[in-house]
Amino acid sequence: MTIGFLLRTGPYTSQNVDTVYHLAKRFLAKGYQVRMFLYEDGVFNLAKEIQSPQERNLAGMMAELVRKGAKIRGCGTCAKFRGLKMADIIEGTKLAGIVVFSNYLKECDRFLSFGF
Amino acid sequence: MEAKKVMILIRSAPYGMATAGEGFRALIGLASMGIQTHVVLADDGVLVAHKGQAPEALGMHKLEDAYSQLADFGARLYVHLPSLTKRGLLKDDCISVEFISDEKLRELIFEVDHVITFN
Amino acid sequence: MENLYLVTRSTFERTAWQLAARLAKPGDTVCFIQDAVLAVNGPKELRGKLGELESTGVSVKYLAEDLAARGLSAPQEKVINYDGFVELIEKSKRIVS
Amino acid sequence: MENLYLVTRSTFERTAWQLAARLAKPGDTVCFIQDAVLAVNGPKELRGKLGELESTGVSVKYLAEDLAARGLSAPQEKVINYDGFVELIEKSKRIVS
Amino acid sequence: MEAKKVMILIRSAPYGMATAGEGFRALIGLASMGIQTHVVLADDGVLVAHKGQAPEALGMHKLEDAYSQLADFGARLYVHLPSLTKRGLLKDDCISVEFISDEKLRELIFEVDHVITFN
Amino acid sequence: MTIGFLLRTGPYTSQNVDTVYHLAKRFLAKGYQVRMFLYEDGVFNLAKEIQSPQERNLAGMMAELVRKGAKIRGCGTCAKFRGLKMADIIEGTKLAGIVVFSNYLKECDRFLSFGF
């Protein structure tokens, strides 16, 4: 089974990214495929310079999901409008267009949206 | 990979949040990629279909015009009538759309593979 | 002029307007901006509450540019544009949002 | 299992739960997570509506980890943890948030 | 620059949004800088004072503990009682705070120079 | 008169930054002082790499306010948690601590908060 997520909010501001992380981790542990498209502020969850002393590191948690097999892509246009560049994001992830989002939707058996 | 049908559910008013505008950008992309797309405006999302929008003084683009083009992309546009009525608006206040009840919205949900919410 | 209560989020989607309505006193202003300009259409509970407040001397305003963006309108005497909004902030002792 | 209606925002601050309550049908589940777990305490209109839905065969669930974070609790049979949430998503045809 | 009195008004529940946590960080900073600070929990903000919070499974810090220390920083902590009651919670469910009515909240607002809202 | 703003939301996602811009511009035109503290996602309004073809450029609008005399500072801790560095922000602005926010509050005759 393939599970997809649309995540529209950024790190630390909203609990959405935590919810998505806790779900995705469990789906991956079950051997399922995970696809995640980060839209609007969601792209900031990939910022590799995130430093979070004494707190969970959300970019690190995204990186953990990638290592465990999740495919995570950020919306390139959203990133451009927010001043985030390809060089600023964690390894194993990319900025991409709606065509990738569209492919994820085709691949997924279940799809969840997290917004405002 | 079989073709999928999706519903884009827009639940926020235009301009206060970028939601309705960003939702439009996503749905145009999906429709262009050959995904069969229903667009439903519900809750404050019905304001997207409200005629007479003039956001120029805010330096923003008119979403009324954007959503009016949806048919050109093969996407169907629906307005959840109870949401519209609750907000004191009439069908005549809206651009050309199809108005739907709870029952019809539920049927549309059952027709699609995924519901993508912009709230 | 006393306090300015500023409501920014939709009065249909959020209940944030209720605190402003509870606290506003004669001499205060409740001003609706951004998506909160939907308040011109309700909900009904809000319309009733605003009517009460206005009868006691609370002033109610809507930001013109935000109304226009959404294709909405309000009675002329309750509409202020950004220049009027600036003056309202100047004249208010505190702004509570 | 049919559709899963997912509510994430506070039922006291937002009206987003109302659409889920309008659309859910027997066989569907309404699941409250994040700040929406406040739904265990209301508002009253929501409690009434959920009671009606449950009597027709709609299932109502609260996420354990989110309840615990906020010091809240719900009847045991209505509480699921993340593992149960994962199963609920698997079993549901569509997720509507 | 004369000394100012401020009210920090926290209107969001903990954990769903960072608001109550980030508000705490700001208010501790202000109180440490010698700004006389009233902290008022209203609307969903009252949940901050709710006893028995256990956010460890979410990987988050307990705000109940953070706000309990406020007196040490010279800030006074108030809970808007009508907001608490509306949410089905009792005074006994809360950490040590002062409970206030609409009238008292209004008085507190009139005592301060600025109201800083975390919503 | 000195007018202060606390802005907690980022660019393009919420109208808050627009509202603050339109107000601040008018206060500056009247010869008033403007102070702005950007907190949480608000720090992203300073991202100098923002590119917004066919749309208003919010970082450019912040820069315009700075040129007209506004003092704008972003919360350093918020920026750190979000992967935004001093080198990433527009000229004439800085990342700073709560001490700056505290001074702004002391200087201001009116203060407005914009959040979620």
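Labels for the chains are A, B, C, D, E and F, by order of writing; each one numbers its residues from 1.
Here, a contact is a pair of C-beta atoms (placed from the backbone, for glycine too) under 8 Å apart; a residue touches a chain by one contact, two chains touch by 3 or more.
These numbers were taken from a predicted model, which means no experiment stands behind them.
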item	value
Reaching chain F from chain C through chains that touch each other, fewest steps	1
Both-way neighbours, i.e. chains that touch chain B and touch chain A	D, F
Chain of greatest Cα-centre distance to chain A	C
Chain whose mean Cα position lies farthest from chain F	D
Distance from chain D to chain B - Cα centre to Cα centre, in angstrom	25
Distance between chain centroids, defined by C-alpha means - chain D, chain E (Å)	28
Junction residues of chain E - those touching two or more other chains	12, 15-18, 43, 58, 60, 113-115, 117, 119
Contacts with two or more other chains, residues of chain F listed in rising order	12-13, 15, 22, 40, 55, 111, 113, 115
Set of chain C residues in contact with two or more other chains	8, 12-13, 15-16, 34-35, 65, 94-95, 97
Pairs of chains found to touch, sorted by chain label	A-B, A-D, A-E, A-F, B-C, B-D, B-F, C-D, C-E, C-F, D-E, E-F
Of all residues in chain D, those that touch chain B in their complex	3, 15-16, 19, 22-23, 25, 94-97
Contacting residues of chain B [partner chain C, same complex]	12-17, 43-44, 47, 50-55, 57-58, 60, 64, 86-89, 93
Chain B residues within the chain A interface of the complex	1-4, 6, 12, 17-19, 22, 25-26, 29-30, 32-33, 35, 113-119
List of chain F residues in touch with chain E within their complex	4, 6, 8, 39-40, 77-78, 97-99, 101-103, 105-108, 111, 113, 115-116
Chain A-touching residues of chain E, taken from the complex the two chains share	15-18, 58-61
